[in-house]
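Just so it is clear, A, B, C and D label the chains in written order, and each chain counts residues from 1 on its own.
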Amino acid sequence: MSLAPFGRRRGVCASIRKVGSYHLLELVDRDGPDPEPGQFYMLAAVSGWGAGTDERPFLPRAFSAMGGTDGRLWFMLEDIGPGTHRLARLQKGEPLWLTGPLGHGFRMPQDGRRPILTGGGVGVPPLVMWSQHLVEHGVARTLQFGFRDTSHAAVAASFDSVQIATDDGSVGHHGLVTDLLVRELDRDPHATVYSCGPPGMLEAVRRLCVDRGIPAQLALESGMACGFGACFGCVVPLVDGSYARVCVDGPVLDATALDHVPAH
Amino acid sequence: MSLAPFGRRRGVCASIRKVGSYHLLELVDRDGPDPEPGQFYMLAAVSGWGAGTDERPFLPRAFSAMGGTDGRLWFMLEDIGPGTHRLARLQKGEPLWLTGPLGHGFRMPQDGRRPILTGGGVGVPPLVMWSQHLVEHGVARTLQFGFRDTSHAAVAASFDSVQIATDDGSVGHHGLVTDLLVRELDRDPHATVYSCGPPGMLEAVRRLCVDRGIPAQLALESGMACGFGACFGCVVPLVDGSYARVCVDGPVLDATALDHVPAH
Amino acid sequence: MPPVDFCGMELAHPIVNGSGTFDAIAAHAVFGDALHEHFPFAAFVSKTITIAPRAGNPPPRLWETASGMINSIGLPNKGLAGYLESDLPKLAALPVPLITNVMGSTAAELCELVAACDEQDAIRAIELNVSCPNVKTGLDIGADPVSLAEVMRAVRPRTRKPLIVKLTPNTADVALVAAAAEAEGADAVSLINTLRATAQKPGASGEPWLGGVTGGMSGPAVRAVALAQVSAVAARVSIPVIGMGGVQRGEHAAQMLRAGATLVAVGTESFRDPAAGSRIARELRRLLEP
Amino acid sequence: MPPVDFCGMELAHPIVNGSGTFDAIAAHAVFGDALHEHFPFAAFVSKTITIAPRAGNPPPRLWETASGMINSIGLPNKGLAGYLESDLPKLAALPVPLITNVMGSTAAELCELVAACDEQDAIRAIELNVSCPNVKTGLDIGADPVSLAEVMRAVRPRTRKPLIVKLTPNTADVALVAAAAEAEGADAVSLINTLRATAQKPGASGEPWLGGVTGGMSGPAVRAVALAQVSAVAARVSIPVIGMGGVQRGEHAAQMLRAGATLVAVGTESFRDPAAGSRIARELRRLLEP
């Protein structure tokens, strides 16, 4: 795990561009260490934060790193509310606040299991970074993403050897990405599943893997106020009846530890 | 008095430029009537309102018209806080909310008195508009402005036959604009004074005119929430012990009616 | 959106104004007949009327906060006689029913105000502003269920018109106070009034900015507090509730209705947009009739 | 800015954290030793500890409001024994004095908590969180001067360490409650805790968003309310006051001090900026030493 410098610091928007329904954001972060796959950052615009719908956003927002080397960071985000709306409108050269890298990322598969990376929507970034890491370490991986439609799937065009599913059948498999996962697990269950995506998808992956006894590392999302364990707001329920803080105990948690993936 | 259309409406920033310490803002307002000199508008940016220091501004801000014809409005503002800061950063083509024209403007001098227009700082706009009106109606006027320094006085460069005073003596008379007023009144007291400017200046003009029995119309400023008589927040004390709402009873009030000009 | 029945009044929609946040007489002078043609509220609530005329607090009376504002207006009004004589005829000419809001610092004062309103056909309902300190306890009458019940027992018999109690949010358990109002015959309750707040002069003096020293906070900053109090009250009482506090758009009004309110009042948002009431009613209609 | 004496502790500056808004143990894991080298607070206040361990409320626990947030965390903690055993040694290693915040729903529980803290040298002061419903009245203990006085009479004798009462803002007259705490031997009071607030799920259901149904609002939205309550309390009591609520920069801290506070606590702003405490202390220093 990469330690974060203490406090928030200023990054600078190096570039931002739209690919289909998503925005790809490149930041200059001279002072931070490189993130590990699965780690995330809390981001906020320096100006214009707080002027959106209902006078929000107020708090910073969590985003998984999609990559990070040499003082550059990459993110992918979807404009779904006042926070992402403002960030999607960053200008090249504009400063923004960042804290991170935060949280625990993915761990290598054990026992020679082959990694299957199954995700979708804004769950793409950590899996892309993890995929790259595996490839760089000579580990073959299966990568599969689910999207709503062509416009969302567009972001995957540049990824190598990826299986795609879309809800509307416009690209790849017509149906859920978990259909693709089942196909892979049926073919060869000696695998470790890595997953990130909307709660419904993650919950389906969790059940599937727990039912079949297949190790799965789920990168969770959750509403966060702080991202560094201060507020106890980002919890998810564990099987032992306690709660885990996604920001410091996760975001990557073992499927077997989780009671379920909450809808929010 | 020009009636305002009911409700706030969208105007568009036609141009904005800096002249010394002030910003000159030109708006397109197709749906509004022309303002009368001394009337004002409540303005707010459509986007980015609420994201300044201390999560302000929240309320719209009052600005005197400096001119208005053919669906165009002119304003002059100084960046002194979160509201004016945001407005000073309007982009050409950007929408903004406006309500107005509001309030009661200046009235013609009676009994053949000659008009002396004495003001300063952000009190310039209504006097400029009134001066123009008088000139157009063939009434000779004396125009005198006080400013802090050259950078503030720069805005007066384009005005015809104006007397200038500056606090630092860099332009015109070294001292207060009320020195210029005294000079004019000593020369010929058969005058009506029109004044707008910072509270200290207005209070000095009020005393001077009341002491000498010279009619004076003061265009007041005051913290406002609504601008149309709804909140009772913008009051100034009258000699009869009651309060006048600057927005609907003013902004132009007779010096003799006012108890004093409050510091805020 | 069907008309709303509120204490026997049929209202075109559920949006009214918060007392003291819209002066229909001044607004008519500013906006002309367009105001009456597009009147933003389904009923009009007057500002608070007291027996004697009041000049209100010395300025400054306003302070802007993060997502809200503080006012320290001090209830300026012409007094009961002045209201009845010069304001009432104009308010009676509005295209919507009139609710008159009154405040007194003793039960006797409130009785006089309510009895006087009772005689006026143009007044369709009376709202009691109980955010006034009880002379004995020092606490606001509306902050204390016992004081409020006492006042209500005196006032209730003075009118057969609907009596609305405007609750103060500056209390430990607003639902307890609402229940006391209901038990003593209130026809409805309205809330929230403003949250007690203050501000200092810019600079190092620490002196109060407001002429009235403290004031009341309103606007979006209080919306989540208002929603909690409206929910708690609506869950406790069976009489209708007027919900308010930070309502800025149809969705916020819908939240108040979902919390159990029958009507929703708009205050501070009218300052930003004089026609906010109509806009919010329109947005609400669109939400409720999808 | 000279060191501050607070109940016999010499603090480097007047900025501390609000209970439950900074987990120094988790933050050390995230930020490493830099946290201790640049520790943002002059004293550290623990989150609220109860006798039995608590898991806290089911999620969602957070809602963002206009210029603020609601939390419905539900006081998760390891319980007294767990705190003493696993957290205290780590908190004792912080470079600043430790204040432990405790809550109980009866006087007996509070006595047990306070007596246990009293035995620990590492605990320099005890803060009582009295925002817990009284089993008999249903009202929060801290909302009612009578309940609070009763609890204080039982608890006060159990420790000679400084006892700070953390007041709830959800009351009619917080100064009255503060005076009761002072009369019964409190060494200091701290305020404000969060304002009761709620939020609904997006959509038409009207169901509560928060797993705990209601929660508490904090952040800049409450600052003007906090300043009014801190001013009222500081004017009424002679014991030191810890002021908090929406403090985001040095100027806000200075306002709290001008209102009569001795220390200023930072809560929500630390979520936006983990080092907010140091920044605010620095800004304050610049304001006070011009």
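Just so we're on the same page, contacts are C-beta pairs under 8 Å (C-beta built on N, C-alpha and C of every residue); 3 or more make two chains touch, one makes a residue touch a chain.
Since the model is a prediction, treat every value here as computed from it, not as a measurement.
The chain with its Cα centroid farthest from the Cα centroid of chain B is A.
Taking the mean of the C-alpha atoms as each chain's centre, chain B and chain D sit 48 Å apart.
Centre-to-centre separation between chain C and chain D, using Cα means, comes to 34 Å. Put simply, the C-alpha centre of chain A and that of chain B have 54 angstrom between them. Residues of chain B found to touch two or more other chains are 50, 54-55, 58.
Annotation for chain D: residues 65-68, 219-220 touch two or more other chains. Chain contacts in this assembly form a complete graph, since each chain touches every other chain.
Within the complex, the chain D residues that touch chain A are 20-23, 26-27, 29-32, 34-35, 38, 47, 55-56, 58-62, 64-69, 71, 73, 76, 209, 219-220, 268, 270-275, 278-279. Residues of chain A that touch chain B in their complex: 47-51, 55, 58. Partner chain A is touched in their complex by these residues of chain C: 67, 220, 248.
Every residue of chain D that touches chain C in the complex is listed here, in rising order: 63, 65-68, 70, 138-140, 143-144, 170-173, 195-200, 204-206, 214, 217, 219-225, 227-229, 231, 246, 254-255, 258-259, 287.
Residues of chain B that touch chain C in their complex: 3-8, 44, 50, 54-60, 97, 99, 102, 222-226, 228-237, 241-243, 245, 248, 262, 264.
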